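Read the structure below first, then the notes.
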Amino acid sequence: MITFAEIMQMEPKLVSTSRSVMTEMIMPNDTNPLHHLMGGNLMRWMDIIGGICAGKHCESHVVTASVDHVSFHEGIEVGEVITLTAQVTRAFNTSVETFVEVHVADIKGHNSRKSNHAYFTFVAVDEKNHRPQKVPGVIPENPEEEKLFESAQRRREVRLVLAGRIKPEEASELIDYFSAFDE
Amino acid sequence: MITFAEIMQMEPKLVSTSRSVMTEMIMPNDTNPLHHLMGGNLMRWMDIIGGICAGKHCESHVVTASVDHVSFHEGIEVGEVITLTAQVTRAFNTSVETFVEVHVADIKGHNSRKSNHAYFTFVAVDEKNHRPQKVPGVIPENPEEEKLFESAQRRREVRLVLAGRIKPEEASELIDYFSAFDE
Amino acid sequence: MITFAEIMQMEPKLVSTSRSVMTEMIMPNDTNPLHHLMGGNLMRWMDIIGGICAGKHCESHVVTASVDHVSFHEGIEVGEVITLTAQVTRAFNTSVETFVEVHVADIKGHNSRKSNHAYFTFVAVDEKNHRPQKVPGVIPENPEEEKLFESAQRRREVRLVLAGRIKPEEASELIDYFSAFDE
Amino acid sequence: MITFAEIMQMEPKLVSTSRSVMTEMIMPNDTNPLHHLMGGNLMRWMDIIGGICAGKHCESHVVTASVDHVSFHEGIEVGEVITLTAQVTRAFNTSVETFVEVHVADIKGHNSRKSNHAYFTFVAVDEKNHRPQKVPGVIPENPEEEKLFESAQRRREVRLVLAGRIKPEEASELIDYFSAFDE
Amino acid sequence: MITFAEIMQMEPKLVSTSRSVMTEMIMPNDTNPLHHLMGGNLMRWMDIIGGICAGKHCESHVVTASVDHVSFHEGIEVGEVITLTAQVTRAFNTSVETFVEVHVADIKGHNSRKSNHAYFTFVAVDEKNHRPQKVPGVIPENPEEEKLFESAQRRREVRLVLAGRIKPEEASELIDYFSAFDE
Amino acid sequence: MITFAEIMQMEPKLVSTSRSVMTEMIMPNDTNPLHHLMGGNLMRWMDIIGGICAGKHCESHVVTASVDHVSFHEGIEVGEVITLTAQVTRAFNTSVETFVEVHVADIKGHNSRKSNHAYFTFVAVDEKNHRPQKVPGVIPENPEEEKLFESAQRRREVRLVLAGRIKPEEASELIDYFSAFDE
């Protein structure tokens, strides 16, 4: 039986409800011998803020299910300040995809630039048995949020293929997408 | 002018030359409130051992260029021991792809299982100007290494599409792969 | 001689320009044996976000000059999420006062509450000689910011008395304030 | 009913019984981009040694209740060694005030100087329910300890005003102090 | 009563079964003000990998019982990579001796050299009461492992003398060894 | 040529001049899965406080040269407080031996007990070239300090044998000591 509290929790929610911001100063131990932030440390912070955002949306504990492709473009130096913003894009039964963006600037606020972004997917789990549980839907409110909502379906299909959980021939969106280039 | 030392360094090398192993015990601060290793911390370690392996192969400093899709299957608990193994799969001009595998067992060596794996790509850079520099080729020696060597080309094409550096219609391997399912 | 760039930097700025947000999940090592966040760790994070905010406002390196009285009311537990918001309140020649507020909620976003706040004062210093340098003024835009701007003068007087840099009999605002109760 | 053990514990104690000393070497991650110890890190250590001292005096768990004004004068550099000394000054029903002093010198023991000090107040709590519990009195033994004992009353009044727990017009010591300057 | 599982666990095992490898990159916070790895940090890593190896051999929790003499020869610098290899040498009732070797090279894999080694002894304890429990024997397979197996007896005698658990006159191996030089 | 400052520095010094005290609270990340302090972490702290003490005595940078046998007796639990005291015992040309003692008690100051001790030897090095340099002598002032001073000679002989820098037959003190038991 599902309780009233659970029904309330299942009401779809706005993206803005769970948007989360994290700011970190790059310390010496976060960097490689060239004094640049190591990619792994950035992914660690992206995972934390993505998880906080997902937990707030799902009102539950969450565990990281997957991370899509992440690229690292230009170096981030010791003493620079990074700002990570996480927002949910779309919910899928027991999981929710988050979009995490990273911006960087020096300590004076100068040389501000986008560093990179990634999609982290989290599964909501109940506290006692760590079993997956249903998550509330996501309501996009503006064109940017809608674009992320729409494209989430295709990214999910890629993940299912990569995880071997659907066969390539079942990935209808991907087949449509790539076969359009085949003549 | 290229020196003799540089030529020597450019000689293709065996995969085994740079294979690297890392063992870590999961400490309380590595885990989420459910006492499971956080995905971001695992990616941080994968990045370090991948970078050490790539640096050894390239005999140079390296920076993380990208990480392909990573999935997290079952939880890793506090006090468990993870073993990460990194090996190069293939070199591409100034970058090298590494394959990082994670195995886990409890402190008694029991409940041993594969946790997950990922492909990390590193760019070799010179110490002074941090400019990309050529890397030695990779010589696979057994069927497993050859399989990783072969498939590296397709993974690279995916990365170039995702990074927007080639257009989808130029991704010939992907088009062949997916259009085969389209009738 | 003062350069054009320096003049531009000295233009007074809005409070919102440098407002900064930090989110942290309380990890086991941040807590005392009762599993509550230790006060000193909270102050450490307040100092970092206050410093990032002050650096952005001053467009310069900054060092912590002082912290006013901080109270700790209810415990924050391991696994909870804290959100720290820092904003400048007023500038004084070479220093700027920041107001840092801390809110806390559990990982599900429940039990949200204000934890505490404090005033951190930072001195802007030049990168080379670490000498104090002029900072831009602060423009409050709404009643709340104006109230913080006004009261900053009194807090500063308290600090100067406490630091022994003015005599109690020179603290005119404080004398007026307390002597009103004396009859 | 109060046990014999509790009565023994309530016997007032000498300041020297719980005096505690902590030595730390400043590591790179403790410093800001100018390589100076960040104020927040110093406060973190002051809180830990103050809490250890208070716990020893109260023979109980303690939680930080408040920190009075802290000033930071001159920079402390990476590689320098700080020595923190904590002692109780006076007890107030369920809380105890500690005085924490910080001295600094370089690794050779040269350039020794006082860095700063602060008053940290801790509340003794019982292990099970985290409820405040009575603490033993403090016996000062020399003029310096007596001076800290006497002035503790005034500092407490300031804290109660700042925390909004007494009204300014009830702060009799402060009113006497400041109104003396009003003519 | 001893269970079948326990009997199986008590079967002597090959050294190679539990050999463990750890790789770490030296980060700024691991070094002293001269930017050399601090001896204590190296010992910390040696203890962890030794303990992981001992736990695997004993299939149980283990605690460090003692460390024999450790020497530090040449400095290891920030950014260098250390590889620690641990293997069991011999078992003694409820304890097992491990031999931990450290090699170092720079990030390019150059300047490879042996740093040092040490013998760490661990006691196997049961999970519930932390009482010592029997450990499986060690089967050396090659001359190097046999040499370590043989010499373990003498090292143990030294430890028992140093720990005051046997009298010097009972250390028959040591007496034979040193008195041979006395004429 | 030796300067006046150097001569002054070379004056033998009292043990008490450089005695150093460190207090640490055991945090979750310092412990193994049984929640006991890991031996390696204790050695890390012993090395730091030993080095601070040696640096103060030598008025120079120092590097760890060796650690004698360390035993670990009873477990130290998370939340307990350890106090480490380091003092120099004797100087040998360019090195100084320190004696580091560890005491432990719970957060209430109860269950106070000696944990263990060890001898750490440090070499004084000059800041520029990291070459060994002369250190001042040690003046013991009481029977305990004298005993440590006397026995330092024998411990040094053991270290030289273990490091292979003298032959066993040159270890005259050891030969006398053990051959006395041989009849």
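Order of writing sets the chain letters: A, B, C, D, E and F. Residues in each chain are counted from 1.
Following the convention adopted for this analysis, a residue touches a chain if its C-beta (ideal position, glycine included) is under 8 Å from a C-beta of that chain, and two chains touch if they have at least 3 such contacts.
All figures in this text were calculated on a predicted structure; none of them were measured in a lab.
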Pair sharing more residue contacts (C-beta pairs) when B-E is set against A-D: B-E
Pair in E-F, D-E or B-E that repeats C-F, with over half of contact pairs matching by residue number: D-E
Intercentroid distance (Cα basis), subunit F paired with subunit D, Å: 32
Centre distance in Å when subunit A and subunit B are each reduced to the mean of their C-alpha atoms: 21
Separation of subunit A from subunit E, taking each centre as the mean of its C-alpha atoms, in whole Å: 43
Subunit D, residues touching no fewer than two other chains: 25, 28-29, 32-33, 48, 51, 61, 107
Listing of all chain pairs that touch each other, if any do: A-B, A-C, A-D, A-E, B-C, B-E, B-F, C-D, C-F, D-E, D-F, E-F
Complex contact set, residues of subunit A against subunit B: 32-34, 36, 38-41, 43-48, 51, 61, 63-72, 75, 120, 125, 127, 130, 158-159, 162-163, 168-169, 171, 174-179, 181-182
Interface residues, subunit D side, partner subunit E - complex: 25, 27-29, 78-79, 107
Of subunit F, residues touching subunit D in the complex: 18, 20-25, 48-49, 51-52, 55-56, 58-61, 81, 105, 107-110
Touch list for subunit E against partner subunit D, complex: 28-29, 31-33
